[in-house]
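Look at the two complexes coming up: subunit A is in both, with subunit B in one and subunit C in the other.
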Partner chain A sequence: MNELEEKFGQIYFAVLGAVGLAFGAAELIASAGEGFTWGILDSSGAADPTFLPWRAIILLSAGFFYLSSVKDFAEIHQLAKAVLGSIMIWIVAGMAIWSRIASSIPGEETWFNSLEGFLASYAPPYCPEMFLLPFSLVIVYYILKEKEAER
Partner chain B sequence: MKNEKSKVQSGKLPLKAVAIAALVLLALSTAVVSVDAHMPGARAPPEFELKPIVINDGGTEVEITIDDVANYHASQVNKEPQICVCLVCAFRATKLGISEIWGEEIPSRDDIRIISRLPTLGSRDCFRYVTGTGPEIETRTKGEYKIVLSDGTEVTNMTNKNQKKLSKGNSLDNFRFEICRKSTGECFEVVLKEGVFPDGFFELRKKVKFDPKNATSEEGALFKSEWEDTRDKFLTLPDWKLFEGIEEPEEEELDVVGGAIFFSILVIGLGLLLGLSLRGKAR
Partner chain C sequence: MLKVPLSVDERWNLIEKISKQTVEFGARKHTLKDAIAELTVKPLTGIPVAIAVLYGFWSFFIDFAGTLFTDGFMVRLFDEHWLPWLQSVFPGGLGNPFYALLVDAGHMENGVLVASDNCLESFGVLTSGFFVPFGVVLWAVLAFYLMFALLEDVGYLPRLAVLVDTVLHKIGLHGYAIVPTFLALGCNVPGVTATRPLETRKQRFMMITLLSVFVPCGAQIGIMQDLVPELMGWIFLTLVIGYLGFGFILNKIVAGKSPEIIMDVPPYRMPMLKNIVSKLWIRTSRFLLVAVPFVLLGCLIVGLMYLTGAMDWLATVLGPFLMSWFGVPGETVAPLIAGFLRKDLAVGMLGGLMEQGIMTTFQVFTSVVLLCIYFPCLATFALMLKEENWKEFLGSIASLIAMVLVYGGLIHLVGIMLGVA
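Let's turn to the complex of A and B:
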């Protein structure tokens, strides 16, 4: 990992960590009340109200891991913290995506959903973890870089 | 031989008499029943889904179904249980009133006050059952139920005879029910929409039920058919089609485009992931 890559990683994961923390705090507040839906962002917990506070805690933790990894980012232990933060997001987002896939196949009163119904079940709003998922994948680049360096 | 034949004939005579008497009795009983809120020979109701009214009776949650009310009504009029028009209308009105005032909350039975403009046996027994104010109802607490006619007269005589008498002049105007929350004073008036009862229904009812001698069999059959159709409406139509002031719920349009975009991204992403992992293995 060169200096530029390290600098970029520091700024990138600092921002991602801050966003993760903000989302986590919002979800935590939302879980105390009835939740909220803002545009395409959904923190209502309508589908899984009991899981909403856990989601918030996981997001907060991911945010903390990202932020704590920023200092001396190229160091392997620090990078591991960022990897851990990403894995936490992948698990929650993966569950959200899997829940969509599973619910998109059966119809309301039939065995299989219509094409329209199937596609519509992937429509917004989405939970914050799903928004963070693509951004968290950047860590893969740093993992590969680390692997290359090892060789 | 003659004597034997006459004996046989005299033996047949009582049978004939019994048959005739039975037919006369059957005809008479049908005539008597037709004055009631029940509709003899009415077709079975269609499939319907009416959720129960849920109330809190002194700390116990009680679910009141339409069948509970029909059974209670039957016990009060000494007839077989039947879901009649007024009974199901009162049931729907109570459900609507409670949801409008209490929302998701479960009302306490003693916090419910119902003021009805409708003097009929079916609605009387439904409202009495819900408020626990009728005879032979096991209840810990009691709400309030009264009938106040359109001219402001309060009906205190709740007997079957008096209710039938008062119901003679019923019209659409009587289908108004005030459901109130006693503790806060909030009230919601449930008003039936025009068109739920077909045109001329009440005139026909008056003729067929209270002046059957002057009603033709066609009029009787028409009334029965209109009665069945109206009952079916109360059993199956949504609130906004039955009662005034209830807005039609907006149908959510399916966001197919948004869903398709996300689904495409998901498929492409999974494809890339799979490709990368296979490439890694091949190396």
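Let's turn to the complex of A and C:
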């Protein structure tokens, strides 16, 4: 990884880490009370209240992992922390997407959902980790770069 | 020449000497995979990752088995098609003993015998007996073993073992104990078999006893999740407390040693689809072969006990004890008897009682926990007989009875103190 990539990674994952921490904290607060829905952002935990505090802990940890990876970002153990932070986001976001897929297939009155019902299942609002998911994918670039260097 | 066995220190010195002569040491650059592998065994970074992995495991389990298959398709298939069809074509009708055994026993409403409208209440061999294994349990077991095989093949399980090593040492076990525990969450039978690598009789005895009491199988978890999703957190918390608490006590009172174990932690690997599929097939098919006959037999025995009046007699005899000690109604006798054959079937029976409004939420919680801890299912019981000697087996049974009485009573006491029992 060159100097520019390292600098970009430091700034990018510092910001992503801070956002992850903020989302995690918000989910933690939401899990103690009624939760909140703000525009297309939903942290009500209506679908799975048992899992909300765990999701919050995972998001907080991912945020910490990103932030702690920033110093000496090009060092392999530091980069590994950022990779783990992303993997944690992929797990929670992946499960949120899987949950929507699972509930979108069967219909209310019929065996299978109608096309409208199916598509409506994917409409907003979305939980915080789904917003973080695309931004966490930037780590794939760094993983590929590292693989290249290893070769 | 007289051969004197080497002491532990002498053995280690010998190992060091041999390795110095045979192993070449050099600088090696860590790869990204090595760094990730290291971070996942260090508590500070490894525990959050473990929480994320277990979160993913259970989320997938719930949505695959519960939302998609059981609630999405199976409940409809069995309750709206299979049960009404059998009720319409099966000879005899409500009140007929043969019909009651095979299709629908019905239930009393205002003194009138009425037909059941779902396969959990009907309790016939062809209705509940098919719904429990194929409508609920199969999908739960499939989801569990799929995730388990993935974690196994990726190489995550040994890392989880390293992470929990410190905690499990406090109860005389070591990190490896997480492997049989995890396996038992799928089915107690392979869980008990997986205790074989444990080094001492004490560790095996403790592990088998704790597994058979405090670790519910995938089938049971699946049906619990379907019936009482809102209580799952509390049920698991109660079981974990029991596992650690009684493990600590057993470690103090059981004679024997708990030595260290050296475990190989393999590197992370990409799982192979072929391996995953074959593991899934072997484990799920074996599970079905063991489970289905017991569920059908359980339905038949419980049905016969209802028809002959034996169940009512048992409920009358044991009812006062169950109510005063555990705080659960006499009607739970039937699930407790069925639970000896199959715990998933027994929890399903509790579902029937819940729908009839016989139990309060706390009684449902206590009954489900009691069903988890009161006795291993018949298949596990038979394996315990095989794996332990008579002395250990009797010890396991005695510990089991003591744990159920003490822990069940304690849960009731806590409920009284909190004002919910």
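Everything below uses one rule, namely that the second predicted complex is superposed on the first by the 151 of 151 C-alpha atoms of A that agree within 3 Å, B and C clash if a C-alpha of one lies under 4 Å from a C-alpha of the other, contacts with A are read in each partner's own complex, and residues count from 1 in each chain.
We take it that a residue touches a chain if its C-beta (ideal position, glycine included) is under 8 Å from a C-beta of that chain, and two chains touch if they have at least 3 such contacts.
Here the structure is a predicted model, which means the values were calculated and not measured.
With both complexes brought onto subunit A, simultaneous placement of subunit B and subunit C is permitted, the two fitting side by side without a clash.
Of the two partner chains, subunit B is the only one that A:Glu116 touches; subunit C does not reach it.
Using the contact criterion defined above for the overlaid structures, shared-chain residue A:Leu132 touches neither subunit B nor subunit C, since it reaches no partner.
Contacts of A:Ile91 after superposition on the shared chain: subunit C is touched, whereas subunit B is not.
More residues of subunit A are in touch with C than with the other of subunit B and subunit C. Judged by the touch definition given at the top, the superposed model places A:Leu21 against neither subunit B nor subunit C.
Look at A:Pro124: by the touch rule set out above, it reaches subunit B but stays clear of subunit C. After overlaying the two complexes on the shared chain, residue contacts for A:Leu67 are found with neither subunit B nor subunit C.
Of the two partner chains placed by the overlay, neither subunit B nor subunit C lies in contact with A:Ala30. If you stand at the C-alpha centre of subunit A, subunit B and subunit C are 60 degrees apart, rounded to the nearest 10.
Of all C-alpha pairs linking subunit B and subunit C after the chain A fit, the shortest spans 8 Å.
The part of subunit A that touches subunit B in the complex is made up of residues 97, 116-124, 126, 134. Contact residues on subunit A toward subunit C in their complex (touch as defined above): 48, 50-51, 54-55, 57-58, 61-62, 64-65, 76-77, 79-81, 83-84, 87-88, 91-92, 94-95, 98-99, 102-103, 105-106, 111, 143, 146-147, 150. Residues of subunit B that touch subunit A in their complex: 254-256, 258-260, 262-263, 266, 269. By the touch rule above, subunit C contacts subunit A in their complex via residues 30-32, 34-36, 38-40, 45, 48-49, 51-53, 55-56, 58-60, 62-64, 67-68, 71-73, 76, 229-230, 232-233.
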